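What follows is chain A paired twice: with chain B in the first complex and chain C in the second.
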Partner chain A sequence: MKRFIGFIKKEFYHIFRDKRTLFILFGMPIVQILLFGFAITNEINNVDIAILDKSKDVTTQEIINKISSSKYFSVKQFIEKESEIETIFKKGKVKATLVFEKDFSEKLTKENNTTVQIITDATDPNTANTISNYVNSILQKHQQEINVTKITPYQIVPETRMAYNQELKSVFMFVPGVMTIILMLVSAMMTSISITKEKELGTMEILLVSPLKPFQVIIGKVFPYIFLSIINAVVIVLLSIFIFKMPVAGNLFLLGAESILFIISSLSLGILISTISETQQTAMMLSLMGLLLPVILLSGFIFPINSMHNILQVISNVIPATWYIIILKGIMLKGVGLAVIWKETLILLGMTILFIVLSIKKYKIRLE
Partner chain B sequence: MKIIGYIIQKEFKQIFRNKAMLPIIFVIPFIQLIILSNAATFEIKNIKFSYIDYDKTSFSRALIDKFNASTYFNVITEYPSEKIANSAMLRGEIDVILEIPQYFERDLLKDKKTNLLVIINAIDGAAAGVENVYINQIVQGFNKNVQTDLMQGSDKKNIPKNIISIPSFWYNKTLNYKTFMVPGILVILVTMITLFLSGMNIVREKEIGTLEQMNVTPIKKHQFIIGKLFPFWILGMLLLTVGLIIARLLFNVPMVGSLALMYLYTAIYILVILGMGLFISNYTDTQQQAMFIAWFFVVIFILMSGLFTPIESMPEWAQFLTEFNPIKYYVEIMRMVMLKGSSFMDILPQFGKTVLYAIIMNGLAVWSYKKTN
Partner chain C sequence: MKTTNIIQVENLTKMFGDFTAVDAITFEIKKGEIFGFLGANGAGKTTAMKMLIGILTPTSGNAKVAGYDIYKNTEDIKKSIGYMSQKFALYDDLTVKENITFYGGIYGLSREQIKEKRCQLVEELGLQKVTNELVSSLPLGWKQKLAFSVALLHEPKIIFLDEPTGGVDPITRRQFWEMIYKTAHNGTTVFVTTHYMDEAEYCDRVSIMVDGKIEALDTPKKLKELFKVKTMNDVFLTLARE
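And then the complex of A and B:
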């Protein structure tokens, strides 16, 4: 036991002596969470649009005023000809063009019908669709206003309640995701690198012939990182509470315990990666190339899992991050306890055990 | 020239000898391109819908039938009370609760006005917004049906004025997400591979101690750098080529624009990334440090590139920061050239900035590289 403690001490020295890595390790997550928390949003605001007004009358002017005063759009330019649309789209200057037809007001009063074309640059389908919906709702509103004099009988009025996130803040969606990505990658990368480093430099052999048992070597290597990751997790949670005003509706201790579980699972994933790679380069490329994009895309961090194809949903289920994000959102936003998230916790625990068992099986006591 | 050739030969040998790295470089990126391009969609489908019907009349049932018929909502569950429905939402079993109040039908017929309560799980604010639009559309449609049914034969003067909007989606009529995502994900994969490999390359020699041996040889600084980085430039172009073939054949992504323009731009873009990799290598001592720094920038570049979330919606300072993001330009240009057929003149601003970036980055990297310690 004394030997083991000595070994852990040695590992801590290693980490604390490398000031640059330490700085990166603690500085990066803070910068990232601040940057992403403020900058990333999937709302659509201030979209640049162009207008082709063929009638230039009172009604079109009114509608244009309404559109430019809404927070969603800023009218960037007025064009005169239909052929210009192609040109400005190709330059990527505007995302949409509204075309008001000729004799707009006249048609509205005489024929009761008039049209607006919403031409969107749909290379970004999400933005295009949302723009289309927003313009439409502004038009609908205007239509209702000019129709006030006419009675509209039989109204069904839906009253909408946005549960857990009344103001529809993107931050609530992204902070748990960013936290998960940072914890997972830092933990998995750190352990996989530190173990393969010993292999590559040849010092693993020395550790293996020492009286320390192989599992002690591994635990000794991983232990400092558990400690460091917990500090990271605490800092991130504090930032999200005090700067991004994330609520922690549930139990803070439960949040801590679940985070430790997730950290351990990421660390054991790192151990697993290190057992199958011989060089630091391989280990890093595996944990970066293998984990970064799948975790961003499939964990429910940005894209809703429900809408994905069944096969992708299955893949998403084997990513530990998916479950941790559900747990985080559950505890922080919904305020649920273990009674509700026991299933997710068990899955995460099961994955952790699986990683550890696999690592033990794969771990070679002898070097070739 | 001959010396550069030998170094390049050596680098290629090293790449191909490392059997563990080959699949990471040549297989994982394409598997990811194929799988992940399908995942990245903001389209909201399969909404887990539930309702509480306190009214149980022909009207309320007709409304629920409307939801049944919609393709957006799939799991339709009925709950006897709001309390039970709420706890189901807590467990994440449902996304939306529609509560039809008692006397829904009676109020509608008598007072000509009635209410509905809609509760949406809004943790994903954007999805909640879309779900709300869908629900409103269905309710409005139902409302219109009711109006025409109950108001038959009323006078014509009452016809309300209509502003009809005709949406048309250019370059992507069916709003297919894959044509949007495939070029973007390809860009990220090319960037990650070239940046990580070049960033680790020289620092690795430093760590193992072989860099010193290289430094005492008569190889000149520029020969060494070109010889070291050129293989990764080739690798990047190769990845792009295979990726484009996959995009064309598997995903049917339209390629309207000039292929030559895309290659020309990529050739310069990869120089930016390689310069960055070299710069990172110069200022780090271990592969670990180099990788952490590379990782730090890549995550920032990816999430702030406009690939997944729109740049216009970011606060101004963040939009300013994206000006320094090479991935942003690459994503924009790939989408513009591939999907819209933009010409060289159209992409000139981005192109110019990238060239400038390449010059500055490589200048800095070469300047900071020293043969002596």
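And then the complex of A and C:
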């Protein structure tokens, strides 16, 4: 036990004396959470739009006022001709143009029917989609207001409620994802790098020749990272609660236990990576390409799994992060307990055991 | 002088697939001897040594190191030997003192023992001024001497040195060999691999490995007589050319 404590002490010296390691460990989680929380967002605000108003009557004026007074849009310019639309789009001055047809009011009152054309710059399809949805909802609201005076015989009024994230804050979606990425990076990448570093330096050989048992060496190497990952998880949860007002609806102990399970599964992946890489660079590349990329692209963090190609869905299912993100969203946003996420937990547990067994086997082969 | 064999090797063989890295080598080493283990790159020196220090399992053959069987008692062997590789594996980001404490610790020395050993070692090597400096700031020669002393911290019966003088200047090499002599004089057996044939002359006995087999084994003097040449270098070249 005393040998073990000495080993861990040494490991902490390594961590605290390397500025790069320190930054990745503590700077990156905070920077990422803040970046995703503040800077990177799917919401739109103050989007510049142009208006081509061919009728210039009371109704169009009312609608334009409504649009420009919303916080989503600011009317940048009024244009006169259809041909101008192309020019201003190319210049990139506006993201959308609204075209009101001729005799807008008259048609609306007499024929009960008129059109507004929404043209958006779809070089950025997500934003274009959001813009058109927002304009639609403003128009619909206006329609309802003028319909109050009239009686429409049949009407279906959709009432939408966005459960678990009323305001559709994108930070709610990012927090579980970022937490997953950071725990994965810290646990898998940092441990694989620190183990391969000993190999490169030749100290691993010395350790193996010493009376320390191979598993003691490995546990000694990963133990500090378990500890630091837990601190990271706590920091991320605190940041999201206090800065982004994200509610953690579920049980904090369950959240902690599931996170430790995920940390252990990532650590065993890290050990596995270190057994197949000879240098720190290889370990880093393997962690980044083999772990980080799939986690970002295929774990359902950003892109929905259901709309992926079948093969990608299969890959997505074998990534531990996929299940951890489901668990996190369940506990944090929906407040569910183990009764609901037992299946995901079991899968994560199974994967963890598999990785541990694999890395022990691989490690033994290396020793041969 | 008592002549007990501290290392006894019989037909030790290691195969990697079809390739025979070490081919049925047999030799013994006496207590307190400086044994030079020579051979070209790829001759199987390192593989043979790894089997003796307990990190590689032999394919066949027998060996006893410090009286312990290399199949059954690797843990006991590890406690009785010291090992230093050509990389002088010290931690660059730890101070001299921390390195000594760490290695003493993993060999199970008590805090008092470590402190005593450390003071002794620091004084012998003249490192008083740098005990709290990072190892990365030390010159190569100092690192090498420190690594050697650290490998001897737990007073092993045998010390294995894997090309310990690679990349070091001639003066430091000379000083290093003086340390080796002193160690052997104190009763520790020294098992050393090297590329430098002038160093082979310093050994009590040398073995020369070619393609996994030991082709020659005797005192440097007798080997030179046997091959009718003047230097160990010529002995080596004669063998390697065959």
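In this text, the second predicted complex is superposed on the first by the 330 of 368 C-alpha atoms of A that agree within 3 Å, B and C clash if a C-alpha of one lies under 4 Å from a C-alpha of the other, contacts with A are read in each partner's own complex, and residues count from 1 in each chain.
Assume a residue touches a chain if its C-beta (ideal position, glycine included) is under 8 Å from a C-beta of that chain, and two chains touch if they have at least 3 such contacts.
Not measured: the values here are computed from a predicted model.
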(Q) Which partner chains sit in contact with A:T21 here, chain B, chain C, both or neither? Use first/second/both/neither. (A) first
Q. After lining up the shared chain so the two structures overlap, which partner does A:G202 touch, if you call chain B first and chain C second: first, second, both or neither?
A. second
Q. Which partner reaches more residues of chain A, chain B or chain C?
A. B
Q: Answer with first, second, both or neither: which of chain B and chain C does A:F7 touch in the superposed model?
A: second
Q.
Between chain B and chain C, whom does A:P211 touch in the aligned arrangement: first, second, both, or neither?
A. second
Q | Common ground on chain A, meaning residues reached by chain C in one complex and by chain B in the other | A | 18
Q | For the chain A and chain C complex, residues of the former touching the latter | A | 2-3, 6-7, 9-10, 13-14, 17-18, 201-203, 205-212, 367-368
Q. Contact residues on chain A for chain B in the complex?
A. 18, 20-21, 24-25, 28, 31-32, 35-36, 38-48, 63, 89-92, 95, 108-109, 112-129, 132-133, 135-136, 139-140, 142-143, 146-147, 150-170, 172-173, 181, 185, 189, 193-194, 197, 200, 277-282, 284-286, 288-290, 292-294, 296-298, 302-304, 306-309, 312, 315-316, 326, 329-330, 333-334, 336, 340
Q) Which part of chain C faces chain A closely enough to touch in the complex? A) 53-57, 75, 78-79, 81, 83-94, 98, 101-103, 105-108
Q: Can you check the complex and tell me which residues of chain B touch chain A?
A: 18, 20-21, 24-25, 28-29, 32, 35-36, 38-48, 89-92, 95, 108, 112-129, 132-133, 135-136, 139, 142-143, 146-147, 150-151, 158-173, 175-177, 179-180, 185, 188-189, 192-193, 196-197, 200, 204, 208, 284-289, 291-293, 295-296, 298-300, 302-304, 308-310, 312-315, 318, 321, 332, 335-336, 339-343, 346
